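Take a look at these structures.
The same subunit A turns up in both complexes below, where it pairs with subunit B and then with subunit C.
== the complex of A and B ==
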C-alpha cells in the first residue's frame, strides 16, 4: 500500500519532471535544489506556484524560505492539505 | 488564487506522451493550440528552442524587445509559445533591468544590436504610481515612444496592473497622493496619450478586471523576485501581447462561422419548428442564446464577417432569421450560409472560397464536440473554440480568445459584412454565368480613384501594413511615412474603391509611384483579395499609365519582391505586358502601351 508521503513524492516527481523538462528526473526526500541542474530561485518560484495550484494551498514566504529539501516540501503539503 | 486560463482552447490530452513523441513541427503547433498551463508552456518552449533552432519556413518572423523596470524573463517563453499559436516566430530581447532610457540612448546597447521591430514597454505599477505628476509621466513616456519610433521601431505599451491597496476605500479618488487612485488615472490617461502618439496598448488592467488582480499579481512574488506578473499568468500575458502584434500584421481572424441548432438557439429547427426552438421568451436558456446572438451581431458591426455552417435543409436554416420575432441576427447579417448534410470541414472550405478569404481567417463556433474535433483535425488552421454548456458564457469565451483583435477601426471594417455578402452573391451569380466577360459587365463596376489624402489615411495605412497576398513589394509604411508621401511632389500615391451593383467594396487598392527621371517606378502596389478576378489590375494600370503620361513620363518600372505569401502576383507584370529587366524588375514603354478597355468605368473621386 502506498503511504500518503510516497503518493505526494510521486506526484512531485511528475511535477518537477515537467518543470525541468527532464522525464527521467528521480527525487527522494533528501533531494535539494543543488542536486538538480537548473533549480535556481526562479525555478523555485515556479515549483511553489505549481504546488500551490496542484494542491489548492498557499505557501507563505516563511515556509518557502525555511524549505531545504523535497522532504520539507512533502511535509508542508501534507500538513496544509489535511 | 485561480490563474488566468486559456479556456477557449481544448485541454492538452496526453500531454506527457505527446511532448515526449514530438515528431514534426506540426505536432508542436497542435500542442501549442491546447490549454497549456505555465509549466507546460515553458516546457514546450524549451523543447522547441532545442529542436528547432531555426525558424520553420511558414512561420512569420517577429523581433520584439521587452523593456521594463521589473523582472520580465519569466514571460519570454510564454510570448514565444503564444507566437506559435499565431503563426509568428518570436525573437525576444529582454532589456536590462530598469534600463529603458539607457538602452534607447546608447547606440551600442544590446537593444540596438538586437534591432527589434517592436519595443514593448512593460513598466510595473510601482514605477507608474511613483511619478510626481501625470504630466511628467506623460512627457517621460512620450519621450521614450518617440525615441523608439525615431529609431524605426514600433511601440507597444502595457497598461498598469491596478496594484496597491486602497487607503480610503470606494472613494479613494478623493485622497491626494493615493497610489491606487493614481494608477486608475494613469490607465485612464494612457489611452489618450497612446492615441495621440499612435501607440498600441496591451491592456493588463482589463485582463486583471476579468481574471481578478490576484490571478495576475502576487504581492509576495513582488517582494521575493520583483515579478509584476505572476509566472502562472504568463501564458495569458503572451496571448495579449502577441494578439496585438498579430493584428498589426493583418493576422487576426476575420470571420465567425456559426452553427445553428443549440448554438444560436435551443433545440433543432428541423424537428422543433419555428415555435419550438428556445430563444428569448424570458427563459434563462433562451436569454443565453440571445446573448450569443447579440455578441455576434456586435462583432459584425465592427467588421467581423458572419457565416453559417449547419446540418439542415437550407430553407429550414433561414426560417428563424426571416421569421422568428426574437432573433437578433437576421438574414442580412449573414454573409454566407451553407446548410446541407455534408461534412462540416468541406462546408467550411466552401465558405472560405465563397467569401474569398483564407481558412486561417475563420473561427468556427459549434456546440457539438464531434464537429469541433472533426474540424480541428481536418482544418487545423481554423480556430475552433471550446463551447461551454451554458450559452450565456459563450461571449466571454469568444472575447477571451481574442480571435478578432484589432488596433484600429475604419469605415471599411464597419461595412464589411455587406461587402462580403456581396462577394458571396457575386460568387453564386458567377456559378450561374459561364461567360466571365459577360459576368463582369453585368456587375456594372465603377472604379473610383483619388490621390493620397487625410480622410483615407487610416484605411490606406492599414491596407499597406496588412496586405500580404496581392502585394508586389510588401513594403510597410507608417502614418508618418504617409504624411511625407502626401507632401512629396515626386510621389504619386493613388487609392481606389470599387463599387458594383451588389454594393461598395470600399477602398481596396493602393499604388505608390515614385518619379525618377522619365520613369515612374511602382514602389508599392497592393490590393485586397476580395476584389480578385475583377480585372482591377488592368484598370489600375490604365490609371497609372494615364497619370504617368500626364506628367510627361515615358516608362513604368514595376518590381516584384517574392515573399512566402505573394506568389499570386509573381507574373502580374508579365501578364500586363511588361518586359522583364531582371529577376525583380519589369518595364513598360508607354509609347507601345495600348490597353484593352477594362470592364468598368474609371472615375476620379
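== the complex of A and C ==
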C-alpha cells in the first residue's frame, strides 16, 4: 500500500520532471536544491507556484524560507491538505 | 468633524481634494493639479489631538530652464518645511502635535515664489498659467516617532568572517528595487531570498504606487512586455503600470515569449504576495539604494511601509554628501526603524557608483547588530 508521503513524493517527482524538463529526475525526501542541476531561486518560485496550483494550498513566505529539502515540502503539503 | 488622518489625491480621475482647496489652484488634470500663482492654500479639517503628525507631499516642480522651484510650507502660520521639491519621490515632514488644531480649520499654505509661465520660459509654449507644483497626493497622518533632531550614528560593525553568517545577514534584507545590484550582492554571498523587486529597477513613483496599491495588477498580461538590450541575449521584463523593469534571466533565442509572459504573470503575482507577507510580518529589513536629497524622502517611504506593520524597518543607502565624505561606511538612525547608510563611490561598470560586496556586508551588519542591541 502506498503511504501518503510516498504518493506526494511521486506526484512531486512528476511535477519537477516537467519543470526541469528532465524525465529521469529522481527525488528522495533528502533531495535539496543543490542536488539538482538548475534548481535556483527562479526555479524554486516555479516549483512553489506549481505546488500551490496542484494542491490548492498557499505556501507562506515563512514556510518557503524554512524549506530545506523535498521532505520539508512533502510534510508541508501533507499538513496543508489534511 | 475632526479627522484622524487625511489622504488627498489631486488627479482629475480620482480627486478627493476639492472640499479642502482654497485659492491658488488650477483645474485638476489626469495625474495631478497645478498650483496657480505664488501661493496655494489648503483649508484642512480639524484633527484629533496627537503628539505628532506627518505631512507627506508628492508633487513635481515646474522647472523650466533657469528656474528651480523652492517651496516653503506653513501650517497655521508656522513654517514646517522649506525644500526644493524632487521630481518624483514623496517627501514627509514631522509636524508637532500642538501646531495642529482640533477645534477649527488647519490652514496649510504652500509658498512658491518661483512660479513661472511656460509661455514666458519655454520657446513655443502657449500656456500662460503661472505654474510651480503639480500636486499628486498629500497625506496628513499621526506620527508617533518623529525624525531625531540629531540623527544617531550607529556603532560600526565589521563584516562577518563566517560565510554562513554573511549569507544569513544578506537574507535579512529585502531589496526595494532601485536596481538589481543588491540582489546580485545577495547572490555573491550565497543568499537567494525571493523578492518581487530583487532583480528589478523602478523609479520612486512606481514604488510608491506599488506600495499604495499592493502592486495591484502586477500579474496583468496586457501590462507586460519583454525586450532585449544592446549586447545582451537576455529578455528583460517591463510592467507598464509601475514602469518596473526586471531581469527574467531567460535568453531570447531559447524562449517562447508568449509562454514566458504567462509564467511571468503568475510569478509576479506570487512574488507580490510574498513581498507584502514579509512586510506585514516584519520579517525583513527593506532596503532601497537611491539619491535621497532629504531625510523627508526616507521618512515618506518609511511611512508607506509602516502602513503595513507598525515596526516596519527601512534602510536607505546613498553616497555621502560632498561636505560629509567621512560618513562613507557609516549608518545613522533617522528615527526608530529608519536607517540611512552611506557607501563609498565604487565605480561599477554596470551600476555606476555602487558599494563593493564587503561594504554592503558592513552596512547591513551595522544595522542588524544595532537592532539586536535594542531588542
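Here is the rule we use: the second predicted complex is superposed on the first by the 82 of 82 C-alpha atoms of A that agree within 3 Å, B and C clash if a C-alpha of one lies under 4 Å from a C-alpha of the other, contacts with A are read in each partner's own complex, and residues count from 1 in each chain.
One rule holds in what follows: a contact is a pair of C-beta atoms (placed from the backbone, for glycine too) under 8 Å apart; a residue touches a chain by one contact, two chains touch by 3 or more.
What you see is a predicted model, and the numbers here were worked out from it, not measured in a lab.
K.L.:
Once chain A of both complexes is superposed, is A:62 in touch with subunit B (first), subunit C (second), both, or neither?
P.N.:
Second partner only, subunit C.
K.L.:
Please determine whether it is subunit B or subunit C that touches the greater number of subunit A residues.
P.N.:
Of the two chains, more subunit A residues are contacted by B.
K.L.:
Have a look at where A:49 lands relative to subunit B and subunit C in the superposition and call it first, second, both or neither.
P.N.:
So A:49 meets both subunit B and subunit C here.
K.L.:
Could you tell me if A:21 is touching subunit B, subunit C, both of them or neither one (first, second, both, neither)?
P.N.:
first
K.L.:
Let me test your reading of the model: by the given contact rule, A:40 touches which partner, first (subunit B), second (subunit C), both or neither?
P.N.:
In the superposition, A:40 touches subunit C alone.
K.L.:
Once the two structures are superposed, pull the subunit A residues common to the subunit B and subunit C interfaces.
P.N.:
Touching subunit B and subunit C on subunit A: residues 41-42, 45-46, 49, 52, 60-61, 64.
K.L.:
Which bits of subunit A are touching subunit C when the two form their complex?
P.N.:
Residues in contact with subunit C: 40-42, 44-46, 48-49, 52, 60-62, 64-65.
K.L.:
Tell me, which parts of subunit C touch subunit A in their complex?
P.N.:
171, 192-194, 249, 263, 266-267, 270-271, 274, 277-278, 281, 283
K.L.:
Provide the residue numbers of subunit B that touch subunit A in the complex, in ascending order.
P.N.:
1, 3, 16, 20, 37-40, 42-43, 46-47, 73-74, 220-221, 223-225, 227, 230-232
K.L.:
Considering the complex alone, what residue numbers of subunit A touch subunit B?
P.N.:
For this pair, the touching residues of subunit A are 14-15, 18-19, 21, 23, 41-42, 45-46, 49-50, 52-53, 58, 60-61, 64.
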